[in-house]
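Just dropping this structure here.
We call the chains A, B, C, D, E, F, G, H, I and J, going by the order they appear; numbering starts again at 1 in every chain.
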Amino acid sequence: MSENFRDTLEAFENTFPDRDYLIEINCPEFTSVCPKTGQPDFGTLTFSYVPDKSVVELKSLKMYLQLFRNEGIFYENVSNRILDDFVAVIQPKQVTLLASFSARGGITSDITCSYQKDA
Amino acid sequence: MSENFRDTLEAFENTFPDRDYLIEINCPEFTSVCPKTGQPDFGTLTFSYVPDKSVVELKSLKMYLQLFRNEGIFYENVSNRILDDFVAVIQPKQVTLLASFSARGGITSDITCSYQKDA
Amino acid sequence: MSENFRDTLEAFENTFPDRDYLIEINCPEFTSVCPKTGQPDFGTLTFSYVPDKSVVELKSLKMYLQLFRNEGIFYENVSNRILDDFVAVIQPKQVTLLASFSARGGITSDITCSYQKDA
Amino acid sequence: MSENFRDTLEAFENTFPDRDYLIEINCPEFTSVCPKTGQPDFGTLTFSYVPDKSVVELKSLKMYLQLFRNEGIFYENVSNRILDDFVAVIQPKQVTLLASFSARGGITSDITCSYQKDA
Amino acid sequence: MSENFRDTLEAFENTFPDRDYLIEINCPEFTSVCPKTGQPDFGTLTFSYVPDKSVVELKSLKMYLQLFRNEGIFYENVSNRILDDFVAVIQPKQVTLLASFSARGGITSDITCSYQKDA
Amino acid sequence: MSENFRDTLEAFENTFPDRDYLIEINCPEFTSVCPKTGQPDFGTLTFSYVPDKSVVELKSLKMYLQLFRNEGIFYENVSNRILDDFVAVIQPKQVTLLASFSARGGITSDITCSYQKDA
Amino acid sequence: MSENFRDTLEAFENTFPDRDYLIEINCPEFTSVCPKTGQPDFGTLTFSYVPDKSVVELKSLKMYLQLFRNEGIFYENVSNRILDDFVAVIQPKQVTLLASFSARGGITSDITCSYQKDA
Amino acid sequence: MSENFRDTLEAFENTFPDRDYLIEINCPEFTSVCPKTGQPDFGTLTFSYVPDKSVVELKSLKMYLQLFRNEGIFYENVSNRILDDFVAVIQPKQVTLLASFSARGGITSDITCSYQKDA
Amino acid sequence: MSENFRDTLEAFENTFPDRDYLIEINCPEFTSVCPKTGQPDFGTLTFSYVPDKSVVELKSLKMYLQLFRNEGIFYENVSNRILDDFVAVIQPKQVTLLASFSARGGITSDITCSYQKDA
Amino acid sequence: MSENFRDTLEAFENTFPDRDYLIEINCPEFTSVCPKTGQPDFGTLTFSYVPDKSVVELKSLKMYLQLFRNEGIFYENVSNRILDDFVAVIQPKQVTLLASFSARGGITSDITCSYQKDA
C-alpha cells in the first residue's frame, strides 16, 4: 500500500530551538476519494504545531498532501494517518490537526486530533 | 410509539481507539413538527464527540434524523432524546449536542446537552 | 394527484390598486422530497410580485407551501408549478419566483421563473 | 381615526433647489401592531427621494413614525399610507419607500412603492 | 405599578431533570420606553439558563416581554427586573441575561446579569 | 484524447418548454491539473442557462466534471471546452459559464463565456 | 463666513487627459457639527470623478475636509457645498459625491449629488 | 490644563447594588488630535464595568468624551487618562477600557487598560 | 527610465478566438513607492478583458507587476501606464483595469481605466 | 549583514508605568522576499505587549518594518528576529508577535512567538 507517503515530507532545521513558538499552516485544497462510493472528498487541513528541532518544509507538505488525491480513505483514517506521518517526520513538541470536510448528504464533518511529546 | 428510532443508527469500528480525538458533525437540515401547533420546526444539530470503540456511520445518522420529519416533539425533548439515542448506540467517551432551532414568534432557541462516560 | 394544492392559497383585496408597487416575500423553510431518491430537499423561495386586484394572504401561503413537505417532485417542476398556482389564485400584474435549493452532491441549484400579465 | 398623523411631519426649505440630488433616509426602528393578531410588527423603512422645494426634517420624521407604535395596520397599508403622507407634506420630485418587515411564521415581507411627480 | 408582569410568565415541567443542560433563548424584538425622554428603546435579550424542575413556555415569554412595550424604564432596571422575574417563576439552577440595546446618541449599551441557585 | 467526456452528460425532458426560465447550477468542487506544472487547480463553476427542450441531469453533470480530475488543461481551455460540451448535449436557448479558479502565485482568474442560440 | 475653504483644495495636472477614466476617493473620517444641537456629526464621503485637465491632490483634500471639523452645517448643505467647491477647483468632466452620515436618533442619512460638465 | 474634564461625568445611583453585573458601553465616535502632527485621530472606546454604588449617566459620558475633540493627546495617554477619570467619578468594582484607533500610516493601535477595586 | 517593463509581459495564443469571452485576473499583492514621500504603496489590481488573438501568460504578468516594487510612481500614472503596457502586448478587444490602493492619511483611492479596440 | 535594523526602532517613555496595560499594534503591510525563490512575501504583523518603562514609537516601527522590503528571509526567521529586535529595544514586560503570511502554493502560514520578562 501507500505507507511510504511520509517519505515525501521534508524537515529543515529550526533555527530558534530554545523558544517555544507556534506555527499554524492552513491547507484549503485537500482532496481524497471516498473508499465506499468512489466519489471525491474535499477538505481543509490546519496544522498547529510547536517545533522542536525541525520545521516542516512547506512545498514538501504540499506534495505530500497531493499524494492523497486519488487515494480511497475515510475521514477519520486520513486525519489520524496524516497526524502520524507529521509526528514521525517532524517530531514536534506538540501538534494539532483540524480536518474540515465539505458537506456530503447535507452533513459536514470536522476531525481534530492531537499529539503531545512526553515531557 | 417511535422508541425504535435508534435502531436506524449504525456504528463502525474506531481504528484509532488509543488516541482521544474529536469528531464534529454538523447537520443543518433537521426538521420535526411542533406537537402543539402542528407547524414544522427547522434546526441545525451539531454533534461533537470523542469516540471510544465506535464511530457513527454518517449515512445512518442522516437516515435516523429524517425519522423525526413528521414527528410531533418539543425542542427540549427532541434534543435530549437524540443525545440518549446517540449515547446508547455509539457509546462515546463524551458527546455534546447543540440543537439550534429557527425563529418562532421572533424568538430562537438553542439547546445544548452533554454526556460524559464515567471514568 | 395533488392538483388541488392551490385551493389552500387565499387572496385578499389590494387596497391600493391604482399604484404599481412591489411585494417581495421570502420563505426560507421550504422542503419537499426528491422523487428519485426519496431524500428530503430544502430550499428558499422568494416571490416578487406587483399586485393587481389581490394580495396574497401570508398565512395561507405558508400553509400552501407546507403541502409540499412530503411531496415527491423535481426542482424544475416544483418551481414552475408553484408559479402557476400563484398566478392562478392571485392574478398579479407580474411575478418572479426564485427557488434556491441547498447542496446535493456538492452542487446547488437555483430556478428563476416569471409571469407577466398581457397588457 | 388617525388620519392626522401627517400633521407631525415637517418640511424645511431645500437650499439647493436647482440641483437634482438624492437623499436616502434609513429608519431601522419602525414598529406597529398586526390588526389581526394584536402582535407587534417590526421593520426597517428606507426613503429615497429627490427633493423639490422642501426637505424633510429628520426629527419630525422620527416622531411621525413613532405614531404607528400602537397602531393596528397591515404591511401593505402602512407602506402605502406612509408614502402618501410623505408625498403630501414634502412634495418631492420623486420618492421610493422600501419597507422590510421582520419574519413572521418563518416568512419575511418587503414592500416597495414609489411616487413620481408629473413632468 | 406593573409588578404583576411576572404573572404572565408560564413554566412547564422539565422532563429531563437529572441532566444539566443549557437552553439559550434569543429575543431580538424587545422594546420599551425611556422614562426621561419618552423615546422608544430597542434591544435584544438573550436568556441562557440551566433548568431545574421547570422550563419556560416560549409563547408566555414573548407575551411577558411585550408588556414592556409602553413601559418607561431605564436599561439597568429593565435588565435586572426581567432577570428577577425569570428567576422567581422558572427557578432555574442558573441563568444569565444579556440585554443589548441599540445606539442612542452614537453610544450602545449591553447589560449582563446572572443568577446562581445556592448549592 | 478525452473528447468523449461529453458522453457522460445526460439530458432529461423540460416539462415547461413554453416558459423561458433560468436555471443556475453552482459546482464549487471542480478540480483539474495544470498541464505545465502538473499541480492541481481548484475552481468553482457556475452554469446559468435557459433550457429549451432539455434540462441537464445533475448527477450526470457531477460525474462529467469529475472526469477532469486528473486531466491536464489550461483555465481558458477548460472553460470553453465545458461550455461547448454543455451546448452540444443540452442545446439550451442560452447559457453562461463562470469558472472561478483559486489563487496561484497570489493571482486569481475568472473566465466567463456564453452561448446564445440563433433566433 | 467660511467661503474661502476651497482655497485649501489643490489640483495637479492630469497626465492622461485624452483618456476618460474614473477616480474614486473614499474619506471615512469626516466630521462636522450640527448647527441646531451643537453635537458632532460623523460621516463618510466618497468622490467619484472623471478628471479633465486636473486631478485633486489627496493631502489637500484631507486638509480641506478637516476645515469642517468645528463648522456648524446641515447634512444637505455640507454635501452640496463640498460638491460645489470640488467642481470649482478641479473642474472635472463629471463628479458624484456620496455623503453617508452615521445614525442620529436611530436614523441614518445618505446624500448623493452630482455634477456633469456641459458637452 | 484640561484636568477638570472629569467634572462633566455624572453618576446616578445603582439600584441593584447587591448583584454584581456587567455594563458594556460602546462609543464609536471618539475623536481627538495628535499632539505631534495636529492631525485628527479617530477611535472607538468600549467601557466594560461592574458598578458598585454608582452607574454612569450615558449623556454625561457622551459630553465628557466630546471634550477631547480638539485636545492634543497621545493614544496611550488618552486611554489611561479616561480610565482614571471614570474610576474617580464612578468608583466601579472593576472596569476595563478598550480604545481602538483607526489606521495611521497603515498601522492601527488598540490600548486596553483596567482597574480593580481592592477587596 | 523603466519604459521597457512591458518586455516582461508574455502573450500566448487564444485557442477560442471566435468567441468573445471575459477573463478577469485579480492581483492583490501589488506594491510600488510614492515618489513624493518614498513610502511604499499597496494595492489590488483587477484586469477584466476580452481577448482577441492573445491571452496573457499569468506568470509573466506576475513578474511584470513585481517590476514596480521599488518604482516611484503616482496612483493615476501607474494605473494608466499598466493599462497601456497591457494593451500594447496583449492587444485585447477590450480591457478594464481597476486599481484599488490601501488607505493613506485615512483616505483610499481607486482608479478605473479602460481601453476599447476600434471596431 | 543587516543586524543593525534594530537601530531604527525608537522607544519613548511610558507615562503610566505603574499600571499593567496592553498595547496591540496591527501592521497589515509587511513585505519581504523569499530567499529561495526571490519572490515577494506579504504578511500582517500584530504586536501585543505590556510596556514596562518604554513604549514603541509608531512611525519608527513602520520605518523598521520597511527595512525588510527587499530582504531575503524565511517566515520563521523573520518572525523570531523581529520579536528579538522588539524585546531588545522596548524591553516590555511581555510581548506576543503574530505574523500571518498570505497564501503560497495554496497554503498559508501563521507564526506566533512570545517573550516574557523574568519576574
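To be clear about the criterion, a contact is a pair of C-beta atoms (placed from the backbone, for glycine too) under 8 Å apart; a residue touches a chain by one contact, two chains touch by 3 or more.
What you see is a predicted model, and the numbers here were worked out from it, not measured in a lab.
A.B. asks: Where each step is a move between two chains that touch, what is the least number of such steps from subunit B to subunit H?
C.D. replies: Between subunit B and subunit H, the shortest chain-hopping route counts 2.
A.B. asks: H-J or G-H: which has the larger count of contacting C-beta pairs?
C.D. replies: Higher contact count goes to H-J.
A.B. asks: Match interface D-E to one of H-J, G-H or C-D, accepting only the pair for which over half of the contact pairs are the same residue numbers.
C.D. replies: The D-E interface is reproduced by G-H.
A.B. asks: Would you kindly tell me how far, in whole Å, the mean C-alpha position of subunit J lies from that of subunit E?
C.D. replies: From the centre of subunit E to the centre of subunit J is 46 Å.
A.B. asks: Could you grab the centroid distance between subunit B and subunit G? Build each centroid from C-alpha atoms only and quote it in angstrom.
C.D. replies: The computed centroid separation for subunit B versus subunit G comes out at 57 Å.
A.B. asks: Could you please state the distance in Å, as a whole number, between where the Cα atoms of subunit F are centred and where those of subunit I are centred?
C.D. replies: From the centre of subunit F to the centre of subunit I is 29 Å.
A.B. asks: Scan subunit B for residues touching two or more other chains and write them down.
C.D. replies: Touching at least two other chains: 28-29, 39, 42, 102, 104-106.
A.B. asks: Considering only the defined contacts, which subunit F positions touch subunit J in the complex?
C.D. replies: 39, 42, 102-106
A.B. asks: Quick check on the complex: what are the subunit F residues that touch subunit A?
C.D. replies: For this pair, the touching residues of subunit F are 28-29, 31, 39-40, 42, 66, 69-70, 102.
A.B. asks: With touch defined as at the start, can you tell me which subunit J residues reach subunit A in the complex?
C.D. replies: Residues 76-77, 79-80, 104-114.
A.B. asks: So in the complex, which bits of subunit D are touching subunit G?
C.D. replies: On the subunit D side, the touching residues are 14-16, 19, 21-29, 51, 55, 58-59, 61-62.
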